[in-house]
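Below you'll find a set of structures to go through.
Each of the next two complexes has chain A plus one more chain, namely chain B in the first and chain C in the second.
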Partner chain A sequence: MKDLLTIKDLSYKKNQKLILRDVNLSLKPGKIVALLGENGAGKTTLMRIIAGVAKNYKGSVTLKDTNDVAKRKSFLSFTDGLTGFSESTKIGDVVNFYVNIFNDFDENEFDELRKFMKLDPDMKLSQLSRGIREKLIIALNFARQADLYLLDEPFAGIDPMARKRIINSIILWKSEQSTILISDHFVDQIAALLDEVVVIKNNTVFAHKTADKIREEHKSIEEYYEGLYEGEDE
Partner chain B sequence: MTKFWTLFRELFKQKSKPAYIVFLIQVAVALVTLFITATTTPNFKSAQMFGNKIPWLPAWILMYIVIFLMYSFIADFAYLLLTAWKNEKINCSQTWRLVPMSDGKIYLCNTLSSFCSFIYLVIMQSIVGLIGCLIAYASSNGIRKAIAYALHQEAVVDHWADVNIGDFLVLILFMILLGLFWYVIISFLHFTSRAIVDFLPMMSNKFIVFVIRAIVLIVIVYLVIWAMNMFGEIYSNPWFFKDSSFASSFMPETIELLIFDLIFGAANYALIDKFVEAKQNN
Partner chain C sequence: MEFKDNIPIYLQIEQYLYRQIAMGKLKAGEKIPSVRKLAVELTVNVNTVQRALQQMNDQGILYTKRGEGNFVTEDTDLLKQTKQSLIDGQLEQFVQNMMRLGLKKEELVPALSKYLEGNKNERPTNN
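This part shows the complex of A and B:
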């Protein structure tokens, strides 16, 4: 099967500090992939480079056979904090923005997701708690029929019950051919979903394995991931 | 991919909201000023124009329009500041930069929508002025007589005869280019300083950013003065613009502004496309 995303020899520096070095990564269509790593490992930066909002990198990023940033942006959906809107903006207005701007945004799909997340379209962004805001962001992302979903710590503020419900439903929201790259610290909670695991360590892709292989070799994905850092604090 | 005009409409919608707010504040402040003037000025009710007595209501309307238009300068300046700030916020906003379009085109769309929303504010102000004048004209015989008298004065007639449509168009073009220059130069200052700050080793503290912005500003001012002097020498050549009309004498400045807009606009397009990152906002 042809790769959906190919990253070749990617290096990125900011303020002369090396953040990513010689990153090589390929993702196939239809997979759910965890992007794991410590805080500051470069997970968000990698996602931002893929999404086309971080610049000045060396190497190449190809999504659906194109290097063109504008085209790449049309193929992917990236969790965004919605800070480009004023806090007085209503959810309904944010949805209208998505309807107008993203050709692949499905309003009916959003309506289903909105009901699932219990979101009120008349609520203003300023009235949303962190958890509700995260739910809105997830709903907006999955209402797009994208080829690649980049979910950067999407469940951070969501309560455990809702988190569980959302994680269990993610597989229903994506099309068969679309891929999800998800970074999250709740490894145990997303483990059941995963097809592959990518670990960012020492500024590069330290490991890229299938979830089945990890399960064969270790008790769980969480145990494998924690094992990578064992003894480092001492 | 998102169409240019689709994004333009969205951005214009965002910027027309503060335009309405500025407009409404201007309407309210002009009303308050009129009220204060009316209550503190003796003989305010017995207004006269060229010896023609004017009833109090049309006189108040005319007075209101004069006050309102005087406040336009402050309102327009405030709106220019407000939209320049909003412009730069959008230029570096991850939400907007994720729009499926090249970053250069997003920048163009953003700048043009700011400028058009400014023109929109000016149009709203002009409509208020025009409607007020028409109401006053229609409602008072005294005003009609006064205007007829003014138009028949020789000096006034001569003044109108001097007005040239070419001069007027050059002046409009100059104002448009000047408005665009404001947004373009602010973006240039922002983009160059951001690109430099991102490149320097761990120097993102506010004082360093301020110093870098100050240096970039000095360099821009120096470059603009140098370019203006250079253009001045070219235009002082006798074969250039022999005609002494207003349009001809004002044309060099207009061409200068056009060239500055194009140069700095192109530099901004390249900077945002290649160097200026969206702010991380999760």
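This part shows the complex of A and C:
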């Protein structure tokens, strides 16, 4: 099968500090992939580069055969924590913004997701708990008909019920051809969901393996991930 | 359903469905739930369910009707064989565990008979 995303020899510095170097990564369509790594390893930076938000990197990022950043952005969905909105914005107004900006944003689909997530459109962003905010972000993402969804730590600091909802929404709403990249710094909560695991370590893609391969070697994904850090000081 | 994380999930889904069939919860010729429904029910990836169903199709225990989904085979011999291999698997585990505890082969049947007798006496209503 043809690659959906191909990253070649990518390096990125910020304020002369090396964040990523020699990153090579290919993802196929239709997969659920975990992007793992410690805090500060560069997971968010890599997502921001793929999303076309972080610029001035070296190397190439190709999505659906194009290197063009504007085209790439139209093929993918990445929500940067809703940081662009003032905290007094109502959910309904965030949705209107999305309708205007993204041609592939489907309002009916969002409505289904909103009901599934039990979100009240009249609530303001300032009123949302961590879990509800994450549910909103996921609903906004999946209401778009994208080829690649970039979910940046959707499970950080949320309660188990919200997590269960989000996981079920992924199973229900992910289309057959779309790929989801989910970053997290621990893996056990989403392990059963994964097709592949990508680990960022030492400023690069240190490992990329399918979940089935890892388990065929009688390891859990968690053991595999922890094994990559063995013999290192905490 | 809880999955072990150190065994491929598709194999565990296969085992789960084999058990459903052996226990008669899924009957010969019956349609099994859709891929997405199974994925939500088991909280796993759609691709993983598909891989499990594909394998079971290859083994002949399921068959696909185009546009209609997956059905349990009506081949009763194959269903019997399948059930037998599940039973054999359980017995093998039992035997291995007993031998690890130091029982010899010839001690297994008496030990099991004694256990079953004892159980009968303790809970006569529970056959």
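Everything that follows uses one rule, which is that the second predicted complex is superposed on the first by the 228 of 234 C-alpha atoms of A that agree within 3 Å, B and C clash if a C-alpha of one lies under 4 Å from a C-alpha of the other, contacts with A are read in each partner's own complex, and residues count from 1 in each chain.
Please note the rule applied: contacts are C-beta pairs under 8 Å (C-beta built on N, C-alpha and C of every residue); 3 or more make two chains touch, one makes a residue touch a chain.
Only a predicted model underlies this, so the values are computations on that prediction, with no experimental measurement involved.
A.B. asks: Kindly say whether there is room for both chain B and chain C on chain A in the superposition, answering fit or clash.
C.D. replies: fit
A.B. asks: So, does A:Lys31 touch the first partner chain B, the second partner chain C, both, or neither?
C.D. replies: second
A.B. asks: Write the angle, vertex at the C-alpha centre of chain A, between the C-alpha centres of chain B and chain C, to the nearest 10 degrees.
C.D. replies: Approximately 160 degrees at the chain A centre.
A.B. asks: Output check: A:Asn39 vs chain B and chain C. Expected answer is one of first, second, both, neither. What do you get?
C.D. replies: A:Asn39 contacts neither chain B nor chain C.
A.B. asks: Given the touch rule stated above, what does A:Asp195 touch, chain B (first), chain C (second), both, or neither?
C.D. replies: second
A.B. asks: Is A:Ser126 touching anything from chain B or chain C once the two structures are fitted on A? First, second, both or neither.
C.D. replies: Neither chain B nor chain C is touched by A:Ser126.
A.B. asks: For A:Ser74, select first, second, both or neither according to whether it touches chain B, chain C, the two together, or no partner.
C.D. replies: First partner only, chain B.
A.B. asks: Answer with first, second, both or neither: which of chain B and chain C does A:Asn108 touch in the superposed model?
C.D. replies: After superposing on A, A:Asn108 lies clear of both chain B and chain C.
A.B. asks: When the two complexes are placed on top of each other via chain A, what is the minimal CA separation of chain B and chain C in Å?
C.D. replies: Taking the overlay as described at the top, chain B lies 26 Å from chain C at its nearest C-alpha.
A.B. asks: Show me the chain A residues, by the header's touch rule, that chain B contacts in one structure and chain C contacts in the other.
C.D. replies: No residue sits in both footprints.
A.B. asks: Enumerate the contact residues on chain B facing chain A in the complex.
C.D. replies: Per the touch definition, chain B meets chain A at residues 1-2, 6-7, 9-10, 89-90, 93-103, 105, 198-204, 274-282.
A.B. asks: Over in the complex, which chain A residues touch chain B? Could you list them?
C.D. replies: Of all residues in chain A, those touching chain B are 14-17, 44, 48, 51-56, 69-71, 73-74, 78-85, 97, 100-103, 152-153.
A.B. asks: What residues on chain C touch chain A, complex-wise?
C.D. replies: Per the stated touch rule, the residues are 3-10, 36, 39-40, 42-48, 51.
A.B. asks: Touching residues of chain A toward chain C in the complex: what are they?
C.D. replies: Residues in contact with chain C: 30-32, 164, 167-168, 171-172, 174, 176, 188, 191-195, 211-212, 215-216, 218-223.
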